[in-house]
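The structures come next, written out as structure tokens.
Two complexes are shown next, each including chain A; its partner changes from chain B in the first to chain C in the second.
And now, the complex of A and B:
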């Protein structure tokens, strides 16, 4: 598809360019909503569209007002605080037990492997509203509804399938004879795990952790039902803001979250390249 | 191995038969694998599987009637609603005993609101009676009850109480299917009272529309990405992955801002002159809003599986077809397209499954005409407090999703789910 060969007919040429234009439009559809909120978040007036001042690049049309509001408004501050206290703990929990389980699942003799896998993956499959409903019913029975612990446990449960999938995928490329070699030289299983296996699968563990983190950090349905006012997270605050009185501060929050996504995406890409490189070296 | 003697079993160094030793090692390995999995398995069972089980149980559980008015239910056992007469004095006496107890615990109002889901007026009937039950004289209970509220003399209310007497009920599921059980057996409610079947229908219709628009937009992109040189396609892939990684709420708020009547898209349309200022398009708080926003959100889930299938298709087939005289369209339609069908299947099912369970986006941009069954479930949990009905609707949605996932597993295999 690169350069058109000299024998192409006019019709083919036309189609070639039409197709590219169509694809361009679809890419535009994908990226436009995310890009457009960035300049809108600097609007000095409380509008959700470009003002004439902004279009003429008049500095007076732009301001950091929305960002200032985000960092000073107690509602948003609380939400930010809750988000950064819930997500890391849920991530840590999901990643640690998820990694162990993934290693267990990759052993050659696991009884009922597919049944266990189905149970472990289920939080990813069941629609969030159903998970939220079930957790709400059950957690209010055992007194976890409306508590920090309840939200952390629920978010960890939602994050584990991603850890399982990424770590299992990394373990496929892991050479098991290394473990045997370590055992052969007298290392006990714990030493073998921390000194030999973990360093090699760490890219998979980190990308699993990133998935678990973003699951918890972006999650709103479960926390909406399971949390009380004390666990109001950023997405929850955004949801309330969007449903009730939509304030332009949301655009500033959205821009910050887009920046975080770009950061995460870059990290993941770097990890993927590193693990590909490592695998490339090993296979030669 | 050469040490093994020909007349005995093969022994290991410490004298144990090799077979036993191997079996022991295998057992130990299995145990170790299981111990590694156990913490997560227990964790998921408690934090996730039990809650789902609780929901299943709640969708049929109905202990409240029996627990609040046990004597009444017992005395209703040999009353036949088909007789056309309200129950006798003995039942009313039992009801008096039960309600005296219930008003002490204040459980009668809860029973009232429970029965109100089945027959309107039950809530006020129990509340009113609860206030007067202490002052009743110890005779002619039937007369006194009917004096407090005429509805006690109505056979329909008694029929409902008897019907919901058992500990388990299919009543929530009947409600969720817009059916009711009347004197003449189970039947659908009148056409204009059907809410849930209609909502299920709309959820499926909107999900199919979203799935098709994802396919329509995703196919060309996946095709382009799969056929460009790796360097270019890696850069363009960022345009697909960035939305995939961006928070759902960010994308929803972006669409909410863009689609408003005073929003960017309408402004551009007015500026270009496609619509005049008075005729700004209404694109939000209706089905259009839901379809546009959700297509955008689910598009990466369609593109990624399509791309990974198209990547494996060798270009030689299309070249061979062309060399044998097929024109571009025939080569594509008869040779290339059939090879992408697994990708289409995987992407479509994935997009469909994700979309029928959506809650946030329809809630924010769907208005009243663009909402899904999930929104109704949420409403019953937090506003109407009819948890049994919410659970029944949830179970029905869950069954649909699991059935679809079974198909997905058959086509793609659950282990082949790729992320990013």
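And now, the complex of A and C:
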């Protein structure tokens, strides 16, 4: 801890430490509910609280049976399978649509850019329950309600705004004369996109894709409206697990999901650094 | 009407407007010969860069036709024009190495791999960066990036190369060096170069011909020496080089020489360049180095002036004088061993020949 300069008054000194305590409390408030799940997921008894054995660090108090249940129970396996088939496809769709939209909207000659942008971003702003209800009625009409495709499309719509925002942010730093240079050297627009523009904005595309993936992977409201038993995803299964079965397996699932999130965010940060290096913002 | 003579690039009645109201380029007609080094020179907003962008295909012409060879290229997209270009900020691809940057135009043309390597290496050698192929642009200095940009514009052997203020970001010394290098590359390869700059020294150093732009119109199109010595109007005279201005009225015209009475009543004889009739207002333009201070022989125009300021510049002495009521009159005296020493406040004789001063359109 940095030493305070000798001229610090008592009031400043008090504030200095109070400030740190406040920061610590905020941090605790944000992190504790997530952290506490991790040890609880290793509980050997089907409870959601710490048992005396766990508190005394008795090895008998801990077990992997929640994890074993997750990987063997057909309900959970099915949910996992649904999640990993829905999320990647929704992500792919959202990323493609979002990237193209962001590039289009970054061009100054496009009319009504801000209006179009607002519409595309709206799924992120409108309360989820309203989107879900709207989609339910719309998708029922066109026969997509209760189908795999319906859930994928809905999740893609929810994920697209994240991609648009991250790619737009990356495009701000993108030098448009590179596109002109590529055209000048004989590259058609498609080649220019894949060889010049995409490699330079790929960090934005990937972070957008990660957000889109997590949106789909965590989403419960829309899938409750649009899905049928065949599209039961992990969050849905957790929701039922909590409401109907009170199964402690969800603690193990939660821990796994937290681990996946951390892994994804680490990837994101590494990609961002790589991009800075490539753009010459920072030398290697 | 397609070009029939030897013009390689032809602008025919080209107009450009961005907003549909004001024309940034007004009725441009310009022929560029094959192998020529033509510079478009002008202040910012004069339309020179717009002309280059229209030639490259990044901006459509509002009216008129642009020909390359004998084909109109108005409807040819930029990537099919086959024109090389050096951009103001170089526009090197930051995610590729120098060699990959150079290989790019060859790869999109589906040139065989071995040939790509040979050509890339040859282009790098040409700009003396033979060992830098594996570096990334960010690891190069400004001058080196500039050379890569030049090499990249030339590597696919285009017949026409455009350069948009390519030396603007370099320091003075490097800029001068690059001017010579680009000039030599032009001489060795025989490509046609259209160069845009607002730096008159650059234009004079490098070009076969210079087109001086102002207000969307070419003010004068001629070789550097003509541009400097025979400016056709006051804008060109003032934009190119240093210039003394004396305003007056034409009182007599005989053939190519006219007699001008300047505001304080002094009578001068000048080359008739851009005046029509007796009674017209005129601005006389005179280069400071053409003024003889304390001339040994009688000259066409002989005046007296008070020396207000002497500035020692090594190779020459800059003398600011009050001549004919104009206190900003500049004369340059060569620093020879036997030169006369002047003092501030001294009244000195000065003179110049009629052919060295040009009677041009009146500017206030």
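Going forward, the second predicted complex is superposed on the first by the 270 of 284 C-alpha atoms of A that agree within 3 Å, B and C clash if a C-alpha of one lies under 4 Å from a C-alpha of the other, contacts with A are read in each partner's own complex, and residues count from 1 in each chain.
Just so we're on the same page, a contact is a pair of C-beta atoms (placed from the backbone, for glycine too) under 8 Å apart; a residue touches a chain by one contact, two chains touch by 3 or more.
Note that this is a predicted model, so its numbers are computed, not measured.
Engineer: Identify whether chain B and chain C fit side by side or clash on chain A in the overlaid structures.
Structural biologist: When both complexes are placed onto chain A, chain B and chain C end up clashing with one another.
Engineer: Name the contact category of A:58: first (chain B only), second (chain C only), both, or neither.
Structural biologist: Once the two structures are laid over each other on A, A:58 reaches no partner at all.
Engineer: Using the touch definition from the top, say if A:185 reaches chain B (first), chain C (second), both or neither.
Structural biologist: Only chain C is touched by A:185; chain B is not.
Engineer: Under the stated touch criterion, which partner chain does A:196 make contact with: chain B (first), chain C (second), both, or neither?
Structural biologist: second
Engineer: State whether A:31 touches chain B only (first), chain C only (second), both chains, or neither.
Structural biologist: first
Engineer: With both complexes superposed on chain A, which partner does A:110 reach: first (chain B), second (chain C), both or neither?
Structural biologist: first
Engineer: Could you say whether A:154 touches chain B, chain C, both of them, or neither, answering first, second, both or neither?
Structural biologist: Only chain B is touched by A:154; chain C is not.
Engineer: For A:177, decide between first (touching chain B), second (touching chain C), both and neither.
Structural biologist: A:177 sits against chain C, while chain B stays out of touch.
Engineer: After superposing on chain A, check 19-27, 163-171 or 361-369 and name the one in chain B that bumps into chain C.
Structural biologist: Residues of chain B that clash with chain C lie in 19-27.
Engineer: In the superposed view, which residues of chain A touch chain B and also chain C?
Structural biologist: Common interface on chain A, chain B vs chain C: nothing in common.
Engineer: Applying the document's contact rule, which stretches of chain A touch chain C when the two form their complex?
Structural biologist: 175, 177-178, 180-189, 191-192, 195-196, 199-200, 278-280, 283
Engineer: In their complex, what parts of chain C are in touch with chain A?
Structural biologist: Per the stated touch rule, the residues are 56-58, 77-85, 87-89, 91-95, 104-105, 108-109, 136-139, 152, 156.
Engineer: Could you please specify the touching residues of chain A with respect to chain B in the complex?
Structural biologist: Interface residues on chain A, with respect to chain B: 1-2, 12, 15, 19-20, 22-23, 26-27, 29-31, 33-34, 36-37, 40, 47-50, 97-98, 100-101, 103-105, 107-111, 116-123, 125-139, 141, 153-154, 156-157, 160, 162, 164-166, 168, 207, 211, 214, 217-218, 220-221, 225, 235, 238-239, 242-243, 246, 250-251, 254, 257-258, 261-262, 264-265, 268, 272.
Engineer: For the complex, which residues does chain B have touching chain A?
Structural biologist: Counting only chain B, the residues touching chain A are 26, 29-30, 32-37, 39-41, 43-45, 47-55, 58, 217, 220-221, 224, 227-229, 236, 238-243, 245-258, 260, 262-264, 267, 296, 299-300, 328, 353, 356-360, 363-364, 374, 377-378, 381-382, 387, 390-391, 394, 397-398, 401-402, 405, 414-415, 417, 419-420.
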